[in-house]
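Next come the structures, one after another.
Heads up, the next two complexes both have chain A, just with different partners, chain B and then chain C.
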Partner chain A sequence: MSLEIAIDRVVGGAETPTAVVRLVGELDAANYLEVIDAGRRLYEDGTRRLVLDLSGLTFIASSGLVALHSLILIMAGEAPPDPENGWGAFHSLAHDVSGGPQMAVQLCGVGPAVDRVLARTGMGRLFLVHADRAAALAAG
Partner chain B sequence: MADGTARSLTVDAGVDRLAGVRAFVRTEARALGASEDALVDIVQAVDEAVTNVIVHGYAGQPGAIDLAIERQGPHVAVTISDACPTFDPTVVPEPDMSIPAELRRPGGMGVHLIRVATDGFAHRPRGGRGNVLTLVRTLRARESEEA
Partner chain C sequence: MRLAGVIAADRLAELLAPFARSPIAVRVESLDGQVVAVAGEPLPAEKSGTFSVLISGGRAGVVGRVVVTRRVGRLDPVSRAAAGSLAAAIGMLVDAGARSAHRATERVEREAEHRREHARTESELALSRRVQRSFMPLVAPEVPGWDLASFYEPAREIGGDFFDAFWIRGQRRSLALVIADVTGKGIAAALLMAFSRPLLRAAVDRLQAPATALERTNHILVEERRSALFITALLAVVDVRSGRLRVAAAGHEPPLVLRASSGRLEWLPVQGPLLGAFSALNVREREATLYHGDMLLCYTDGVTDARSPAGERFGERRLRAAVRAGRDSSAQDLVDRIVDSMQRFQAGTAAADDVTLLAVRRLPARSRAQRG
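What follows is the complex of A and B.
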């Protein structure tokens, strides 16, 4: 199963420019760069906050975790890890778990399979997780 | 001891083959009686292992990866064979999850996921050149994760 990246809604105005990005399918080493590229384009278009709707994501590999972390860096205006560096991305986890969740990239609709990976790797502590996109958007 | 004939799949070393690998493992493990909990784990572990072979083992060079899946008593076992330089992932140190992620050893997260998703994995050199990695997972849900 491939990955579909759908940008469903963009909130502008006085609030932090926010994009809701829905990932549908399986996020793995074959497509994680597409997610990073989507985040980079959104940042270039002015987006400074992402809500990732993962309700349609049925699988995430460790490379997918690199993509999620890269989105944090991109929304912070930092250079994402070198895509060719792969796992080296974890070297640059400037927003480490000791500082608690960051606010620029938030998750919603996390299913059991994805939640299991986030929990097992400690990556879940980097993100605020909401039940659905409405709750994520209301959280600001 | 295997309980029957192993089902096998051979794929080229490309990340575009990962979805097919996962589908194969998911289908065959289900047919062998794996619980949904076990399916999630064995698919995750195989994906991480095959990704490592493709990205780090063959490293862009063409090659083949052979997979075989079979039931071994209360377990499902997946064997992954390649023709890459010898590398034993079972000796990769466990990442210290209590420290910030940027201080962890790079490359350890995929192996970490293999380790926690399986009930055992073993490596042996393949005759001539290559590696044989065997991943074993109980077919039933783990008690700690059944709730």
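What follows is the complex of A and C.
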């Protein structure tokens, strides 16, 4: 299956330039790099905070977790290397995720399939999870 | 260069056609004097005026000549000019032909270079694949009373999955089982795999406790060898005399246990964060017992994530069905059954992820007795 990436920039209101990225379909090894690329472009355009609307995401593979983690690095200004190529990725610094959830990338609309993977891998603890887009944006 | 080889006969005939009913006869010769084309009725040279113009084919050089003879009277300037134009036109055709032949040669050379480049990359990948295969245990340890089988198929030439089965500290008492998956794909994942496999092996071998071994490996990955990628891993240590099993997982699918007595299929509920992302894992170790005839199955998500042509996932339900059907089979038969079921489901759809299976069965008591 394919993945559709829809981006809404949030105009005004929020102090931090924010974009809502809606992922629809399945996030796996075939398309996780596209999500990372979308994050890079948003950062280059000035976005510093992402709300990931996962209500249309029916499946996430382990490579999808690399994409979510990379988005945190991107929003923190630590451009992650291309995870598919060579030693660069191997030796790059991982974001320090020991201090609880970060604020730069937040989730909403997490369905059971995605929630199970986030729980199984412990990646859920990285993210604040909101019921919907409005709640995520209100959280600032 | 032979004139006939670089200029199409029909193009030449087209150029010569206007001379067919003119007062001059035209002959086109290649350098060696061979007549390539004629127009009009040629006369013996001594009975008429003859004039010839060399054909310069540009980069092909002089390739021949145009000879005009006049049937009546002397050759006039118009006939000479006509011969000159014809020679120039033929020359341009020859040059164009030579250029396109040159381009064709260049293209062939470029394609050959691409093929060589591709072959080099392919052979490097094939070599990487062989090196990586050599990381996997070639021969499962001989474990009296137990039966081991595995399956490993990388999605690309080089993959991020790995598994291991070995005696802890060389003593034939505790058998360590490792299955792991480096998230992400490609060379970086393969390198991290190559780096992590001995780490996990050494940690289990030294510490014997799966949870502690995962903590130790995670510590090294987070504090000393940070990476943009993560690893999911499942470690189990089996006491082959008692069947006691200690299991811990880091972000990995929990293993399945198929009970011989009841036919029940259970998950061993182990869970914990994946390796390389958090400073501490705090994973809980579980204990279980494998009784005679019980089967333990460890796998990577390449199995459950395998897709059908319609885009459906193989999933846990189909995996469980395949495992249940293998209740009384050997470890190898069970693995074959799962792989067969998965491949029929995929129906030729290319796998996006590596597929690894590791099955361990405690043999029924009677077959152990039969073995003596």
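Methods note: the second predicted complex is superposed on the first by the 121 of 140 C-alpha atoms of A that agree within 3 Å, B and C clash if a C-alpha of one lies under 4 Å from a C-alpha of the other, contacts with A are read in each partner's own complex, and residues count from 1 in each chain.
Keep this in mind: contacts are C-beta pairs under 8 Å (C-beta built on N, C-alpha and C of every residue); 3 or more make two chains touch, one makes a residue touch a chain.
Everything numeric here is computed off the predicted structure, so don't read it as measured data.
Asks: Quick one: is A:101 in contact with chain B, with chain C, with both, or with neither? Answer first, second, both or neither.
Replies: neither
Asks: Looking at the overlay, what does A:63 touch: chain B (first), chain C (second), both, or neither?
Replies: A:63 sits against chain B and chain C alike.
Asks: Taking the superposition on A as described, I'd like to know which of chain B and chain C A:17 touches: first, second, both or neither.
Replies: neither
Asks: A:30 in the overlay: touching chain B, chain C, both, or neither? Say first, second, both or neither.
Replies: Both partners, chain B and chain C.
Asks: Which touches a greater number of chain A residues, chain B or chain C?
Replies: C
Asks: Is A:116 contacted by the first partner chain B, the second partner chain C, both or neither?
Replies: After superposing on A, A:116 lies in contact with chain B but is clear of chain C.
Asks: Do any residues of chain A touch both chain B and chain C, and if so, which are they?
Replies: Comparing the two interfaces on chain A, one with chain B and one with chain C, the shared residues are 1, 28-30, 59, 61-63, 65, 86-88, 90-94, 96-98, 120-123.
Asks: Given the complex with chain A, which residues does chain C contribute to the contact?
Replies: 155, 181, 183-189, 191-192, 195, 222, 225-230, 232, 251-253, 271-274, 276-281, 301, 305, 307, 311, 313, 352-353
Asks: For a test of understanding, state which residues of chain A touch chain B in their complex under the given definition.
Replies: Listed in rising order, the residues of chain A that touch chain B are 1-2, 26, 28-30, 59, 61-63, 65, 86-88, 90-94, 96-98, 112-113, 116-117, 120-123.
Asks: Tell me, which parts of chain A touch chain C in their complex?
Replies: It comes out as residues 1, 28-30, 32, 59, 61-63, 65-66, 69-70, 73, 80-81, 83-94, 96-98, 119-123, 125-126.
Asks: Could you please specify the touching residues of chain B with respect to chain A in the complex?
Replies: Where chain B meets chain A, its residues are 15-16, 18-19, 22-23, 40, 43-44, 47-48, 51, 54-55, 97, 100-102, 104, 106-107, 109-110, 112-113, 116-117.
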